[in-house]
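One structure is given here, and the rest of the page talks about it.
In this document, chain identifiers A, B, C, D and E correspond to the written order of the chains, with residue numbering beginning at 1 in each.
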Amino acid sequence: MSSNTLTAAEASGPQKPAAGFEGDRQDNTVGGAVRGYLDKLRGGDLGALPAVLGIITLGILFTVLRPGTFLSPINLANLAVQATPIIVLAMGLVFVLLLGEIDLSAGVVSGVCSAVLAQLLVQGGFSWPVAVLAAIAAGAVIGLFTGSLVGMVGIPSFVVTLALFLGWQGVTLRLIGQGGTVPVREPVIRALANENVPVTIGWVLAVLVAVAYAVIELWRWRAKKAKDLAHQPLLLVVVRVVLMAVVVLGVTAILNQDRALSAAIELAGIPYAIPLVILLLLVVTFVLSRTSFGRHMYAVGGNAEAARRAGINVTRIRVLAFVISSSLAAVSGILATSRLSSVTPDAGAGNTLLYAVGAAVIGGTSLFGGRGRARDALLGGLVIAIIANGLGLLGVAAYLNFVITGGVLLLAASVDALARRRAATAR
Amino acid sequence: MSSNTLTAAEASGPQKPAAGFEGDRQDNTVGGAVRGYLDKLRGGDLGALPAVLGIITLGILFTVLRPGTFLSPINLANLAVQATPIIVLAMGLVFVLLLGEIDLSAGVVSGVCSAVLAQLLVQGGFSWPVAVLAAIAAGAVIGLFTGSLVGMVGIPSFVVTLALFLGWQGVTLRLIGQGGTVPVREPVIRALANENVPVTIGWVLAVLVAVAYAVIELWRWRAKKAKDLAHQPLLLVVVRVVLMAVVVLGVTAILNQDRALSAAIELAGIPYAIPLVILLLLVVTFVLSRTSFGRHMYAVGGNAEAARRAGINVTRIRVLAFVISSSLAAVSGILATSRLSSVTPDAGAGNTLLYAVGAAVIGGTSLFGGRGRARDALLGGLVIAIIANGLGLLGVAAYLNFVITGGVLLLAASVDALARRRAATAR
Amino acid sequence: MSAPERDRDTTAVDRPTLELRGVTKSFGAVRVLHGVHLQVYPGKVTALVGDNGAGKSTLIKGIAGIHPFDSGEVEFEGEQVNLHSPRDAARLGIEVVYQDLALADNLDVVQNMFLGRERKRGMVLDEQSMEQAARETLGKLSVRTLKSVRQLVSSLSGGQRQTVAIAKAVLWESKLVILDEPTAALGVAQTRQVLDLVRRLADAGHAVVFITHNMVDVFEVADRVAALYLGRVAADVPIDQVDRTQVIELITSGRSGDLGLSAEDLED
Amino acid sequence: MSAPERDRDTTAVDRPTLELRGVTKSFGAVRVLHGVHLQVYPGKVTALVGDNGAGKSTLIKGIAGIHPFDSGEVEFEGEQVNLHSPRDAARLGIEVVYQDLALADNLDVVQNMFLGRERKRGMVLDEQSMEQAARETLGKLSVRTLKSVRQLVSSLSGGQRQTVAIAKAVLWESKLVILDEPTAALGVAQTRQVLDLVRRLADAGHAVVFITHNMVDVFEVADRVAALYLGRVAADVPIDQVDRTQVIELITSGRSGDLGLSAEDLED
Amino acid sequence: GDDSGGGGGDAGGGEAAGKVGVILPDTASSARWESADRPLLEAAFEEAGVDYDIQNAQGDAQQMATIAEQMITGGATVLAITNLDSASGAAIQRQAEQQGVQTIDYDRLTLGGESDYYVSFDNTEVGRLQGEGLAQCLGDQPANIAFLNGSPDDNNATLFSEGAHEVLDPMTQYTQVAEQAVPEWDNQQAATIFEQMYTQAGGDIQGVLAANDGLANAVISILGRNNVAGTVPVTGQDATTEGLQNILAGNQCMTVYKPIADEANALADLAVALVNGETPEVDGEVEDTEGGRTVPAVLLDPVSVFRDNVKQVVDDGFVEAADLCTGEYAAACTELGIQ
């Protein structure tokens, strides 16, 4: 494309060249970097901070209330697996929310896809790869349909997905049958949420991740330094790399402990669902932040008319957002199926969708479009999962459970809102 | 306020005075008025047309499928009463949607308020006016709470109302608690949805409405003509007045027939809920279109920053929108209670809210704020109610019911979308 | 009307309507205003000039209460005031035409012009009276192509929107009228009208702040000129103490002869 | 570079890059363009002038495919074309700076400048190359107060936004560059840069349409002038056939001497 | 609706003595779970002095799995569940078994599961009683009957309906004119659905098989609007206050009363024995057709309640006479000797 631009000489004026941009000449010391981060916070760009604070606060709360159990390895493993379906669903929704659209049907779409999976495995007798691919394909086709109605026909996404929310529930009901359930005993599917990566392989994976992160970070740092572009101080990069290694290896260490409650059996290793979610997180992050498709998503969400005028195919972006969202909903459905080893006619109905949207929003994704990341789904999903996990340990009456869940959600959201607000009005 | 403006002389320039505004000098003939309406349609301002088309299409569809029953007086009376709770709920939501906010908790708030009503009547032994007022006051206080969190604390309304959606469900559960349902046998409350205005009084009311409309319209026409402002031709005004009279008296005539299915009993008259809804419709329409409060609602929804700069107390508007919405939710809850003569712990949960939002949107209210009217709730609510009503007559299997409801909703929405789209791109 | 003669005196005789002392404003790490001093006099047009990004709009948004200043003092008619919201400013009698206009696109021209100060009869909006007043005021600003005052502002041309915003501001007899680049989108005739209007407002005793990049306009209409350079006031002087070249120098480099900022002023 | 001499010849020697024949456009009942004829030549700057609401922006939005014309013919480089979306226009080599700018507020300056035409290495965005190119281009437009090219455009001043939009358009070597009031919000120095840039673009063989209300700019930079009056072309002539007064007359009344529209032209 | 929220004892420690976890299914399908089962079980466990933890999955199978995990983590050694569906229940039980936790099926048998014991009423029997009850109220006259079933995604609803059909299908004097399932057991929707059935049938419906008292009440309110309440027999289930009042008023024909106290106590006895390491005694067993196994079971019989045996429900303490015999029902109570 570079041949398409005016050359520097053509575009240059008679007067003195570039000036300004002093903001881009960053302070390369550690102090400068820290100050830069604080400035960013003060400027209102809180990033992941509120969700992280929420996770920490809730973690402390439940640790205090249930000291023996909340932080036990088995509970942490449970928590991680409990969170996966909601995280994946929320990750898909981030695409839709980024455009300022909503997908009320995402939950029940995950249900339809699970039903497809289950029927192919049980009735059809297909092998698991076929069934999984078919389920994801079903998700993609459903997304294509939703996206076309929104992007091409131009019906507001709220109405389209409300209609489909009802419609797909009917389809699941038809596939599963009234009052029935389809048990899924396929060992590979079951393993996703119920089995663990063997301990040694887990360690190998963890070390690989930590090393890969270190290599990429240091390599980037060197490249930037060589080109004399703005870059962080080496010390900070090293600190980040070490921190990452500690977290990855620490979590691995916890999950590789034997967490079985009875001495007779052994239960150790990273549940398979976790590497899957991490992989999805990396892919989605890459797509959103480093490809032009991702860039266009943000542009359409921020100002669809500006995007259109810039020659972006806005309709295509809209349709694709729904396709991705529904495909990830299918994955979420598969994870949920694995957890229960069955599919019911009301799979994905109820509050599933609201929780997923709540997760994305608490993570920092805006409902008005233009702001959101994959990690929002991860962090917000963890907040939601911790609430359910912790309340499960407390064991309160049903009505209190409702009230407390609502209250905690509200609390988490107000931390966020107040932090942002403070930042916005601060000097 | 007029003393506050520059006088004409002060503001006037040296050059020639006013010119332009030829668009305001309207064609005062019938042809001109018709042309004006067509131009408006072509310009994309479809108003109530799509919803009305939807109602007519669905009406024809179900009349063809169930010729004997769909248009029978009893079914029309059923339909009207079935639609009232959703219409009132949607009417409240219009206020919130107008600001570009959402209230996911409106449905369960109607449940909480019904529970308050029921407990006061049954346990507390209070009289119905006290209970009704308390229920509405409970709604207002709840709205105040929600509105403060949104307007003052600044948490996104989606998250606030998601949290409250859960929280209030818990409260209803607690209030209803033992016994699972609270039967409400209070005759006045029961009468709302189950009894009819005596036939003669119904006629008197209908005639009064028709006459009042005629008087107001003609009086307005005369005033405008006298001031030499733009006004419609008299013929058109007369046509409108006559049409209104025909509709009002026609509906009254239908509902005043004996519609009892067994010959032994008599069942005739306008159900009490209908005048109530019409009254609310008039009040809400008045507030939104003829008071500065209503004007400010539109301004905040259209451009909150512009409204703030114009000196409007945006926070107050936001809070009030939720107060009104929740108060109307309480009324909706009372209507729903009247219908069943009882309150259950899951009152207002489930799909109630989605249906109400769907009603408002199908009626023409925008989810992005700035566009919406009271009558949107009425027309959209009728669309939704007709679907349920018609499908009930068909009596299909549960899964098909889901699928068809979704499909019809989608159809109604695409009529709307395509019409708007055509208008937008048409010459 | 009250001051038919244009008096371009060199010293300020009156008490200033508005006086800013050392106001500062940052957005996150970005320091935009560094201790701005400014005086605005009744009956005078003060031209506020400065390069793109000098901080002019930020300054007047601070005065309007859109985003409060971080520090510094604001005096209005001799009394220290707090400006924390646009309503504070409106209450004092400050009216602003913003560069980014801020009209509600879903409302029509009349509704926008009277937004926040609707005329009422009892509880009910008095649409007819508002419509007539709007039509009159707009007519005087030479908007000849506007089809209808009941048009949504979203359908207006750039210049028409600008005119609506100006008309909205001058409808009220405010003590201080601030116009941020009001003629930027206007045609020749409309610009003429606005300049005349600005002069007439000042002559009627109002204090006027007029932001523009057009030097011709500055010298035609202003009594005083205040030049902003990188968030600092380089000069705040009567118009007859400077000429065009000097003003341009003040804008582009913050100095002109003995006027303007010294190198140490720029440190901080 | 190719045309160092400025040739203000009176007759069109070349084939026009763009030719409009009888294009019309209505919004609902409002007829905005009534059969516009216009020719835009390569290597020439065509100034498009007209009163507020005359239809200038509507005309160029039609050319850009933002909202297609209702009827009439459009020829680009001698071939009849359909302009139904901005992508059609971009494919032909038409680049537009819109009066209402249309930047994505949630993206930063670099991201906006390369929007829709990102530079990539493989699948991955080449941020560094884009950042450098953006910084260069902006530097040449005299934006001295911009803190960082990684600033969100929502935090820019009016003039800075305008500059970003202009920089975005001139980054691409388009055959036809249309600028809708590009200097409206700009400071003195920046306006100078843009005028120079416009001249240089034309001299390099591009066709340029330049909309402005500023007569000084018109006479400084334009080769031809087209005047729009109430949605009709009152004149489309080389600049040396008219003077300032004539142009103003054409703008305000659609006629000047024997140039312009007759009374019956205005019927329809 | 009892607010003893703590879950009894100090659950946090998870000490060696062991603990009983009970997961109830929801709050929507029936009021019994929160208003009857929870307090009854709490009282029984309190009395036996064992640690317990009772929670409600709120109709969400995923949540039930989460709660089960949390209970096992919290030290439960006996887990009783009322599954939302067999397959998800089986998954929970498999996981529990892996961890050495004993499981009991409460009220619903988990087909293909691993449960060690089963305590229940027979759900198909409930449907049968409803069918028989309706037939009894209608008599031998030919009649048009309509079915209002429970939520289409609720397995119990399917069983109720099957039981009812088993009885009514062979009775040729009845014509089944309409049958609809009510999503989520939503009473408002039930009202609309029945109203439309009734309109479509031209009012020619002489009997309604409603799956529980909530649905029955919706039906009765519609019949009331048409001034025919009381002439059309309606069935129900759960013996709620509202349902019993409808029966007293003559608007409802019968309800099926499941003496929940018996069931809860049976569960408590079983669980306490298991926690204390004893082998409980049970009198019956059921076949798990899907899992091909036999499960030791405590089976209890549901009771049909007509107007003349409403008293039994009150005497059991299942509903309070004070709640039941308000205002207009006082006379009927006196007549039937209810106090």
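We take it that contacts are C-beta pairs under 8 Å (C-beta built on N, C-alpha and C of every residue); 3 or more make two chains touch, one makes a residue touch a chain.
As the structure is a prediction and not an experimental result, all values here were calculated from the model.
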{"item": "Interchain contact steps from chain B to chain E (minimum; 1 if touching)", "value": "1"}
{"item": "Superposing rotation of chain A relative to chain B, computed on C-alpha atoms, to nearest 5°", "value": "180"}
{"item": "Copies chain D and chain C - interface residue numbers shared by over half, same or different", "value": "same"}
{"item": "Centre-to-centre distance between chain C and chain A (centres being mean Cα positions), rounded to whole Å", "value": "47"}
{"item": "Gap in Å, rounded to a whole number, between the CA centres of chain C and chain B", "value": "43"}
{"item": "Where chain C and chain D are represented by their mean Cα positions, the distance between them in whole Å", "value": "29"}
{"item": "Centroid distance [mean C-alpha coordinates] between chain E and chain C, Å", "value": "73"}
{"item": "In chain E, residues with contacts to at least two other chains", "value": "1-3, 27, 34, 152, 181"}
{"item": "Touching two or more other chains - residues of chain D", "value": "27, 30, 143-147, 189"}
{"item": "Chain A residues counted as touching two or more neighbouring chains", "value": "23, 173, 178, 351, 398-402"}
{"item": "Parts of chain A lying in touch with chain D, wherever the complex brings them together", "value": "1-2, 4-6, 8, 10-15, 17-24, 227, 229, 290-292, 295-296, 298-299, 301-303, 305-313, 370-371"}
{"item": "Complex interface listing, chain D residues touching chain C", "value": "27, 30, 50-54, 56-58, 99-100, 143-147, 155-160, 162-163, 181, 184-191, 213, 215, 230, 248, 251-252"}
{"item": "Complex contacts: residues of chain C adjacent to chain B", "value": "1, 64, 66, 85-87, 90, 96, 98, 102-107, 111-112, 115-120, 123-125, 128-129, 131, 133, 135-151, 170-173, 189, 192-193, 196-197, 200, 204"}
{"item": "Interface residues, chain A side, partner chain E - complex", "value": "65-69, 72, 74-75, 78, 82, 85, 173, 176, 178-184, 194, 260-262, 264-265, 267, 336, 339-347, 349-352, 388-389, 392-402"}
{"item": "Chain E residues within the chain B interface of the complex", "value": "1-3, 27-28, 30-32, 34-35, 152, 178-181, 183-184, 186-189, 191-193, 195-200, 202-204, 213-214, 217-218, 221, 224-228, 238, 240-242, 245, 319, 323, 326-328"}
